[in-house]
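Below you'll find the structure I mean.
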Amino acid sequence: MRWNGKTLLWALALVGFILLPQLITVKYYLHLSILALCWVIAAQGQNLIQGYTGYVSIVQAGFMGIGAYSTALMGLHYDLPVWLTILLAPCVTAVFAVLTGYPSLRVKGHYFAVVTLAFNLVIFIVLMNWHDLTQGEAGITGIPKPGGKDSWLNWRDRGTYYYFVLSIAILMTGLAALIVRSRIGQTLIAIRQNEDLVGAIGIAAWKYKLFAFVTSAMYAGLAGAIYAHYQSFINPEIFGVAQSLDAILAVIIGGSGTIAGPVIGAFFVVFLPEYLRFADSFRLILYGLVLVLATIFMPRGIVGVAGDLWAKVKGKPS
Amino acid sequence: MKLTTLTAALALAGTTALAAEKTLDIGVSDALTGGAAVYGLPQANAVKMAAEEINAAGGIKVGDDTYMLNVIAYDDKANPTEASNSVRKLIDRDGVKYILGFCCSGATGAVASFIENEDAVMLVGNAAERSITTREIPNLVRTRPPADYTGAAAGTFVAQKGHKKVAVLGALDIGFYASYVDAFEKELEKAGGEIVTRESFGLKDRDMTPQLTKIRELGPDAILVVGYVEPAAFIYRQAVELGIDVPRFGFTSGSEEQFLRVATSEQMEGVWDLRPTELTLLSASDNGIAYHANYSEKYGIAPSPSSPYAYDQTYALKDAIEAAGTVDDTEAVAAALRELPVPDEVVMQYLPVDGKMFDVNGQAYTSNGAFQWQGGNWVFVQDLPSDAAAYSAFLSTID
Amino acid sequence: MIEILQQIINGMAIGGVYVLIALGLTTVFGILGIAHFAHGSVSMFGGYLTFFLVVMWGLPLALAILIALVVGFLLGVLIELLAYRPVRNANHINAFIVALGLTMMVEGLNLEFFGHEQVVIPTDFSRVFNIGGVTIPELRLYVILAAALLIAAMTIFVEKTKTGQAIRAVAENRDAAILMGVNVNTIPLVVFSISTALGVCAGVMVGALFAIAPGIGEGLVVKGFAVLILGGLGSIPGAVVGGLVLGITEALAAGFISSAYKDVIAFVAMILVLLVRPQGLMGKA
Amino acid sequence: MLKVSDLRVSYGPIEVIHGISLEVKEGECVALIGANGAGKSSTLKAICGLVPAKAGTISFEGQDITNQSGHAIVRAGITMCPEGRQVFPQMSTVQNLRMGAYARSDNEQASDLEDMMNMFPILRERAHQAAGTLSGGEQEMLAIARALMARPKLCIFDEPSLGLAPKIVAEVGATIERIKKMGKTILLVEQNSLMALRLADRAYLFEAGEIVLSGTGEELQSHPEVAKAYLGH
Amino acid sequence: MTTAILQVEKLCKSFGGVHAVRDLTFHVAPGEILGLIGPNGSGKSTTVNALAGVFPPTSGEILLAGGHIQTLPEYERVAMGLSRTFQTASIFPEFTVREQLRLGCNVTLKSHPLSSVFGIGRHPGEDEAVESRINDILELTGLAEVAEDKVGTITAAQQRFLMIATTLASEPKIVLLDEPAAGLVSHERKTLSNLIRAIRDTGVSVLVIEHHMALIMEVCDRIVVLNFGSKIAEGTPEEIRNDKAVIDAYLGEAV
């Protein structure tokens, strides 16, 4: 019964996403939707480590940057086809994630958060200063779209790109759901509850934590790569700590430790600023306030609140 | 929504001799809030002021029609993603074809990367990154010269002063500062000089003593400070505190007030600033003086030295539209911009190449000046030896 | 040799600021288990306020600092009561996210009240001492001395006073402290007043010696946490040693390795320490 | 002296104490016995203000202390020596003892400290050692001494023998006996029911959040069900 | 003498110069219940942690079924057949009892963890085997009726038994029970001692660390007594009860 209701909701959402370009009259909102779908991918990754494993990582945007720069640079320097560099980008990100995850996962809680934040700063500094490779603050322009010149799809058309990103977002959301339901996912949830016990029952917790961290980084790398090819331009600015906080916000607002949460949260963080036409300082205050209030009053996010409401509605007639 | 017929009622009433008066929306994407708003907000203000002036003077005349300008300004916070969002919104939602503003390089680069595919014309202001005009995007022009154009002039100037060993301390993670230093070095080396070290600092660094201590050990003839004024002011102060007494050159474009907040006038005495002439009252033209007065009256605050880049954009656009004879055909307007002589109303002192304001790359050039801190003020000492034509040729060789 | 000495002196000033920030963080962390991420922004708030009192109202510096301490304390108390207290018993992740949200809010407040321009708190100390080629500006010397004084005062307070002992007791065992008759609802307020006082002092030092500008507080708080990781959690000597090590490492890295990557080098040093001694330099195993 | 009437305690939606009443008279030693999770510790926590009472009243020396904060209750004269000893591990023995007198404002703390050292000579030996490095038995003695430093009118012991070696258990029992002889009023919770009933003047038996039996120590010791379920014979 | 399941040779562990355990040698034979007792601070916890792999020993050897394990991490020792309980109830509060046990079975699975993501490459029948073993364990430990309850909601005593059940899920050769009777009342202790014997009867050796002398005396085949990090006695319950050194150091006059 509950399962059916959930499936129905997912199916409705899917139909909605597929029809969206037809429903949108102003193309600008299609543009925002594409960005939001990129964030869905990044937030699903963030959710694996933050929501399921219980480790707040503040380097998601940094990993998006690594994905974005690696797809752009591989395309520029080795002339590889776009689809291949998009596939390789998460792998490059994974290498960095292993290198950074190994030391940082030795510490827990706030320390882990701060160490990953330091990594985000390091990534940012290197992207800014390694001119020969990254062209620094000026950024990389002219990143090609997938498909090349004589593709049967018009990749310049935003509708096409929308469906491309949508398919990947669906795929990655599905993969996240599979991971969560698997033995691995159960182990991650167990680590969140009682990490010492996980070790005592014979599971190498560090391997699973590293798996979650690296997988979340690969999600970020993929999101960054797709973002880079969509925008055709990247520079370090968009891969700073502030954007990593957006990823955390997306997970919290949507509902951490749920599959639907990051989807809702990602659209929230992309579309919210559109409707907050305040001065910069007010927006910062409001953002902070949303984060604080959401954490205090709806720690399980929109999904959690919706679930409670649903339970109430269902509970009354019976 | 794009074109609104304001005078329909009049026309219906049978009033003759009046051509249709229409509205032309133009967009501004710039940093209106955040740290870069010191550059972006005055630019947006300057465009609005120019638009009002143009409207008051009878608007833009295209054939029989007269267009009144209406400015839609969006905040891009100097952030690349926000900038592409705001330009997308201008084009997709508001139907704008002419977009002005653009103070900062990252945001500008993001927009420049897709503007070629759009039915629009982009006019860049204060953003100094060279690569914006190296790609010869046909529907993009820029009023501010690239930083390395100024850097080359500065290098020649410092070499002429006889300095051989120059130590650089700069915000070298910022592309256009680095390119300023590169061009500086090239000219310095031509004269047999060299850069002995390139030290870097970040936007939020205020303690430069480690870098300066290293420079002190190297014993250079002069130091060159390249970066935003806030950290640069600390360098000048801390250099004195560490007992470094060689000549100090810089590329910071800061006001007296900004420096005096950090350093005393004695600590600043003798410092050189080598930069585009921009709006300095000591060197301003009649246009510049009028601009300064009008802006100050309208907004209750003095205009930033770089804000006329945006003011001048608006007049260049007006002349180009009138020359092309169309507001709808952006290709024609973009082509007309490339052929434009320097408009009469501009504030900055442009050095035309082949008699045109913008060269084939869409790049305009202003004069560069050497300013020196003397008794509490920046004093214009001389023009820097700038060569717009040569630089324009050089720019065309880069891709 | 002079160069190395000069770099160590250079690093000590910023190191002293790091120590003060880290001490503020470590007390809050020890008592409430909260990574008080907004601490840097609160410090900057204190610095800004001092600046405005001195420049706009023409108050003497000491009085301005005193008022800033009081207002900073009220802000700290407000933060504790309204934001941290509701999540005290929740998952530590929630507390951390509240702290991040608070950082945004305080940063926003700073922007709203004080604007984007950097401010420098004016002082009368402009002499420069030269000792055998090593130069020390007067102001820098006072900053180092003031930091040392505050550290000493803090140590004496915690070790020798009854309230200090109660704070330690709460940090070590909250429930037992209640049973001793310690009012654990007021202790967080005391802790926040100490932490904010140290933070405001750090903010004033930064504002006088360097400058206060948007974003600087966040940079400082990250360094503060790096100090905690370096020095070891909850350890006052750890914060002192860690802060000085970090400050001097940065100066030496900028002077002898690379100024562009000095922060990277500092963070790598922190991570290396983490690999070899997860409990920090002074922490107990 | 202490009177608990109709006390109810819940954690979230789950009620764990279902309306209990008990009394401790001045100079008495009262024991609470029962299985783990039967509600003994929750009752103590409610008395000490560590958890709120949902309903009912707790009065001490005629004053209502229901739902007062923990530190106020300490000041009223109730001190608990908590389960698991709960010393301050990085503080020295002396510092721990001084913390015990935290709520006091008189000038006789130094002499009380001396008294405790005399009563527990091992604490003098360990005076400047960090409490966390003391052995379990030594820590228990420290915890008891620390509780006495408050000069309590009512002294509550929560599972003082838990996790201690048999020899130490005997020592703890003897110590409580001594405190009883000093004339202190004692409320004792012990899973070692045999020891508790031997020490107690009166006792209450808890089962599933309710008091099912009460009487003098001897009465309960000889009660057949108690003997079977809790005393292990 | 047959090969011991667990052989501890000259085990030493010191923390910053303080010797917590010194030259400790003992063994647990197959099918044996060994008790480890001693005053607080005598090194029992350190010994358990060193055996379980929480930290490496300073020196000495630990052999499990003849193989050296002293350098292995905790989780690999579990895989080799040594699992443990904690003094305080250690649980996954959000899981059901069955889910916690299923996670406990993880170490026995042959299929790669990734195979459970995509549902390919699994060993046939493995899931069924796991479920049936869980049912056996639930039955053995008396937790069958709360199998589908959230672990956080069952009683403290049930949580203690669940902890023991979880150690059994990994198919151990030996289990270390660290103060299993803490907080249990008399009739629950009865259940516990029956359970310990039942575990032994399934062929698993047991090492019990416990203060409750009645329990120790009742279930243990042999007892090792520690004091100040060293072994002061070893023998049958009867021998230990009458050992002068043990009475002085540990039992006192009370027993």
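Order of writing sets the labels: A, B, C, D and E. Residues in every chain begin at 1.
Basically, a contact is a pair of C-beta atoms (placed from the backbone, for glycine too) under 8 Å apart; a residue touches a chain by one contact, two chains touch by 3 or more.
Owing to the predicted nature of the structure, the values given are computational and were not obtained by experimental measurement.
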Chains most often in contact, by C-beta pairs: A-C
Most remote chain, CA-based centroid, reference being chain A: D
Centre-of-Cα separation between chain C and chain A, whole angstrom: 33
Distance from the mean Cα position of chain D to that of chain B, given in whole angstrom: 77
Inter-centroid spacing, chain B versus chain A (mean Cα positions, whole Å): 36
Euclidean distance of C-alpha centroids - chain C vs chain D, Å: 42
In chain A, residues with contacts to at least two other chains: 125, 129, 279-281
Residue list for chain C, restricted to those that touch at least two other chains: 260, 263
Chain D residues counted as touching two or more neighbouring chains: none
Touching pairs among all chains present in the structure: A-B, A-C, A-E, B-C, C-D, D-E
Interface residues, chain C side, partner chain B - complex: 3, 6-7, 10-11, 13-14, 116-120, 126, 128, 130, 135, 137, 206, 209-211, 213-216, 219, 250-256, 258-260, 262-263
Complex contacts: residues of chain A adjacent to chain B: 26-28, 31-32, 35, 125, 128-129, 131, 135-139, 141-143, 156, 231-235, 237-238, 279-281
Chain A partner contacts - residues on chain B that touch it in the complex: 33-34, 37, 75, 77, 79-81, 84-85, 88-89, 92-93, 105-106, 109-110, 112-114, 117, 129, 131, 135, 172-176, 178, 200, 202
Interface residues, chain A side, partner chain C - complex: 50, 54, 56, 103-104, 106-107, 109-111, 113-115, 117-119, 121-122, 125-126, 129, 241, 245, 248, 252, 279-292, 295-296, 299
Contact set on chain D toward chain C in their complex: 48-50, 69-71, 74-75, 79-80, 82, 86-91, 95, 98-100, 102-103, 146-147, 150
